[in-house]
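Next come two complexes, and both contain chain A; in the first it sits with chain B, in the second with chain C.
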Partner chain A sequence: MIDFGRVQKELQECSKDSQASGIKVSPKADNLARLVGTIPGPIGTPYEGGTFQIDITLPDAYPFQPPKMQFATKVWHPNISSQSGAICLDILKDQWSPALTLKTALLSIQALLSAPEPDDPQDAVVAQQYLKDYQTFVGTARYWTETFAKTSALGVEEKVQRLVEMGFLESLVRSTLDAVGGDENLALEKLCSA
Partner chain B sequence: MTNPEGRGRDDEADSSAEAPAPDGFEWSNYADEDIMHQKNEINAVEAEKIPCVGDKEPLSALAAEYQSGSPILLEKIKVLDEQYAAIRRTRGDGNCFFRSFMFSYLEHILETQDKAEVDRMKANVEECRRTLQSLGYVDFTFEDFFALFLEQLESVLQGNETSISHDELLLRSRDQSISDYVVMFFRFVTSAEIRKRSEFFEPFIMGLANTTVEQFCKSSVEPMGEESDHVHIIAISDALGVAIRIVYLDRSSCDKGGVSVNHHDFIPTVSSSRSGAVEPFITLLYRPGHYDMLYPKRPS
Partner chain C sequence: MNNSTDSPGGFLGANNLGGFGYGVGVSVGILLLITTITLASYYCTRTVDPAPQQQRNIINVHRRRASRDGARAAADAVVVDVGLDEATIKSYPRLLYSEAKLRSSGSTASCCSICLGDYKGRDELRMIPDCGHLFHHECIDPWLRMHPTCPMCRNSPMPTPMPTPLAEVVPLATRRD
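After this line comes the complex of A and B, so read on.
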């Protein structure tokens, strides 16, 4: 049984200084077991200027077991799967402790963006590139940030508006956009084939 | 490599895995989930074998484990049998030291009804709370664990509506949710003490794990299931002002010929309000990698 009282306190605590930290956590639905975290890309990294969304699922034994976190925003990083968004970070596995919180976990992920660990990779291809051709890695990571971490965060309302004008229900448009990671064309394809 | 989809490269990586991956199948994802799942299953199997806290058993039960094993150990168990009446096992899940400490302490209070000791303990717990706050821990991360321990401490004192019997104490200590909350309380206490006196603990930690105090607390104290070493024992004994005797059952033999069993008393050096030498009322049996409880024979 998830300790929802604690989750509530965590959300309050996090919203208190979200202006300063840039880190946000909000529930996906009325069920507190599924949440979305938001972290700004660290300054001075190829992720600067991007806003990254992280899907959070709380296991039944939370806070004794770690929250499941994975990137919803596509990101090019040695410790994050470029396809699934899975994160390789010890505190999300056996180094988790109930002394940690969703916010400290998101802060650790933000720190991971600043300091990749290519020797303990989640995405072998990205890690290889990081080690062998660092300049190309930086270029690709920056390109992905521009492509996925900016438009999806900033242009959502315009996309929603355009798709709604085509005659689709707003709630359906939002959930479909969410499901395809903010890609307007993919969302249109899905909406048409549904 | 500026293809934002990255599909080509990732497909190559997938095909180099041992088995061909169906489209959209995430090996990296699968591995982590699978390992976590497997760990949980191993814990569940382990849980069926030994409860968090077992029943009292005679030392012959311990000897039975080593029947075909080391003669030195069997000799040592004979020596133990002269001094100790019983052993109580704990589950080998990395929390055995804290669980042994929890049960031994609460059982001692239940049997002695030592109200002065309970008051002293409560004062130390409050001190730990202040330490955590001054270290920057957010209240909600630890307050539930503190509350649950204080509730157990209160309930072993008899004469209240919430008082519990020895059987109930055993049941609660076996109830994973209560037991784990108390274990986590002790982990907070231990971590707070180590961080508070980091200059004192630093050389011990360097010798043990070659890491910083901060990193040691994060990776070897605060996560559940991380085993306890003498650093943890010194810290919790000091923080709560409780003496602990550890009896070592290992293969080491002394040169003098006769077999003897070593023990070490961890006597709190700070925050102890009691004067004079304290005979520990908590005795634990250490075998490499595991702690159980021991019951000394009472003088008849």
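After this line comes the complex of A and C, so read on.
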């Protein structure tokens, strides 16, 4: 049986310092067994500026068994499947400890984004590219961040709504937002100049 | 004369015949002896040999099974952490939070890192030997039953069974090189 008291406390702890850490956890449904984690891409990496969503499923034996975590946002990284979002991280497998929390696990995933381990890959294609052609890897990772981790960020709907309220067509607003990578001000400039 | 010469001839012939018969008898006897010996030895070897062969097979099977079991045990040891038994867990010090606070002034954590609940004075805690980390006994006991490690520092409170397998593995590894 999941210790929901603990999960509640974790959520409270997380929301307390989500401003400082940038890490958010929120329940998907009201049963607390399925949650969504959000981590910002680490600065100085090709993931900078992106916001990555991670699907979390808590097993029945949580916290004695690790939470199941998987990227919902597409990401180009040697230790994360570019197809399924599966994460290769020891603390999510045999190195889990009940003293770890959802927040520390998400912090570890953020650290994994900064420090890929191509010798223990989850996605062999990405790992090969990382080892053989690092520049192309950085380019691809940055392109994926721009394409998938920015437009899918939380709050897109709000930006769309605000711009629509200014009198622009919704379809035009969406395509412009996509074109500028989700930046509301840039989109507004572009819409005004068009 | 003829008779006399015949008789000795006949006698000789009879003698010769007797000699021939004797010869045949001896040779047949020798042949029989040889065949009996070969048959006997054949039967002996046939009845004696299968036994060791069977034994050898059994030993081989045993050896194979033993090595297979060994490999499986080794694989199990790698994949599955064997937890501690109830007696070992019960042997670890159990104390009240108020006592723990007195014992180590100030350095005691104020909440259990498994349930994240704050300790209260009457809460019964379990202390892991060596590292001295504290947890609610009802929180740490189920973990120790599955994993012989401290959740905080991963130290094993158990005398590790590692040295023996390692000692076996190292020479194997060097031999492979």
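Everything that follows uses one rule, which is that the second predicted complex is superposed on the first by the 154 of 194 C-alpha atoms of A that agree within 3 Å, B and C clash if a C-alpha of one lies under 4 Å from a C-alpha of the other, contacts with A are read in each partner's own complex, and residues count from 1 in each chain.
Methods note: a contact is a pair of C-beta atoms (placed from the backbone, for glycine too) under 8 Å apart; a residue touches a chain by one contact, two chains touch by 3 or more.
Worth saying up front: this structure is predicted, and the values here are computed from it rather than measured.
Undergrad: For the three-chain model obtained by superposing on chain A, do chain B and chain C clash or fit?
TA: Overlaying the two complexes on chain A (C-alpha atoms) leaves chain C and chain B clashing.
Undergrad: With both complexes superposed on chain A, which partner does A:Ser97 reach: first (chain B), second (chain C), both or neither?
TA: After superposing on A, A:Ser97 lies in contact with both chain B and chain C.
Undergrad: In the superposed arrangement, which partner chain does A:Gln83 touch: chain B (first), chain C (second), both, or neither?
TA: first
Undergrad: Which partner does A:Asp3 contact after superposing on A: first (chain B), second (chain C), both, neither?
TA: Both partners.
Undergrad: May I ask you to name which of chain B and chain C touches more residues of chain A?
TA: Counted on chain A, the partner with more touching residues turns out to be B.
Undergrad: Between chain B (first) and chain C (second), which, if any, makes contact with A:Ile43: first, second, both or neither?
TA: neither
Undergrad: So, does A:Ala194 touch the first partner chain B, the second partner chain C, both, or neither?
TA: In the superposition, A:Ala194 touches no partner, neither chain B nor chain C.
Undergrad: Select, from 109-117, 127-135 or 163-171, the region of chain B that bumps into chain C once both structures are placed on the shared chain.
TA: The listed stretch with clashing C-alpha atoms is 127-135.
Undergrad: Once the complexes are superposed, what residues of chain A are shared between the chain B interface and the chain C interface?
TA: Of chain A, residues 3, 6, 9-10, 13, 64, 94, 97-99, 101 contact chain B in one complex and chain C in the other.
Undergrad: Touching chain A in the complex: which residues of chain B?
TA: Spelled out, the residues of chain B in touch with chain A are 1-2, 4, 6, 9-10, 12-13, 26, 28-29, 32, 35-36, 39, 137-138, 140-142, 144-145, 180, 184, 187-188, 191, 218-219, 222-225.
Undergrad: Can you list the chain A residues touching chain C in their complex?
TA: Per the stated touch rule, the residues are 3, 5-6, 9-10, 13, 63-64, 94, 97-99, 101.
Undergrad: With touch defined as at the start, can you tell me which chain C residues reach chain A in the complex?
TA: Its residues touching chain A are 81, 113-117, 139, 142-143, 146, 149, 151-152, 154.
Undergrad: Okay, in this complex, where on chain A does chain B touch?
TA: Within the complex, chain A contacts chain B at residues 3, 6, 9-10, 13, 64, 70, 74, 76, 81-84, 86, 88, 90, 93-101, 122-125, 129, 133, 136, 139-140, 143-144, 147-148.
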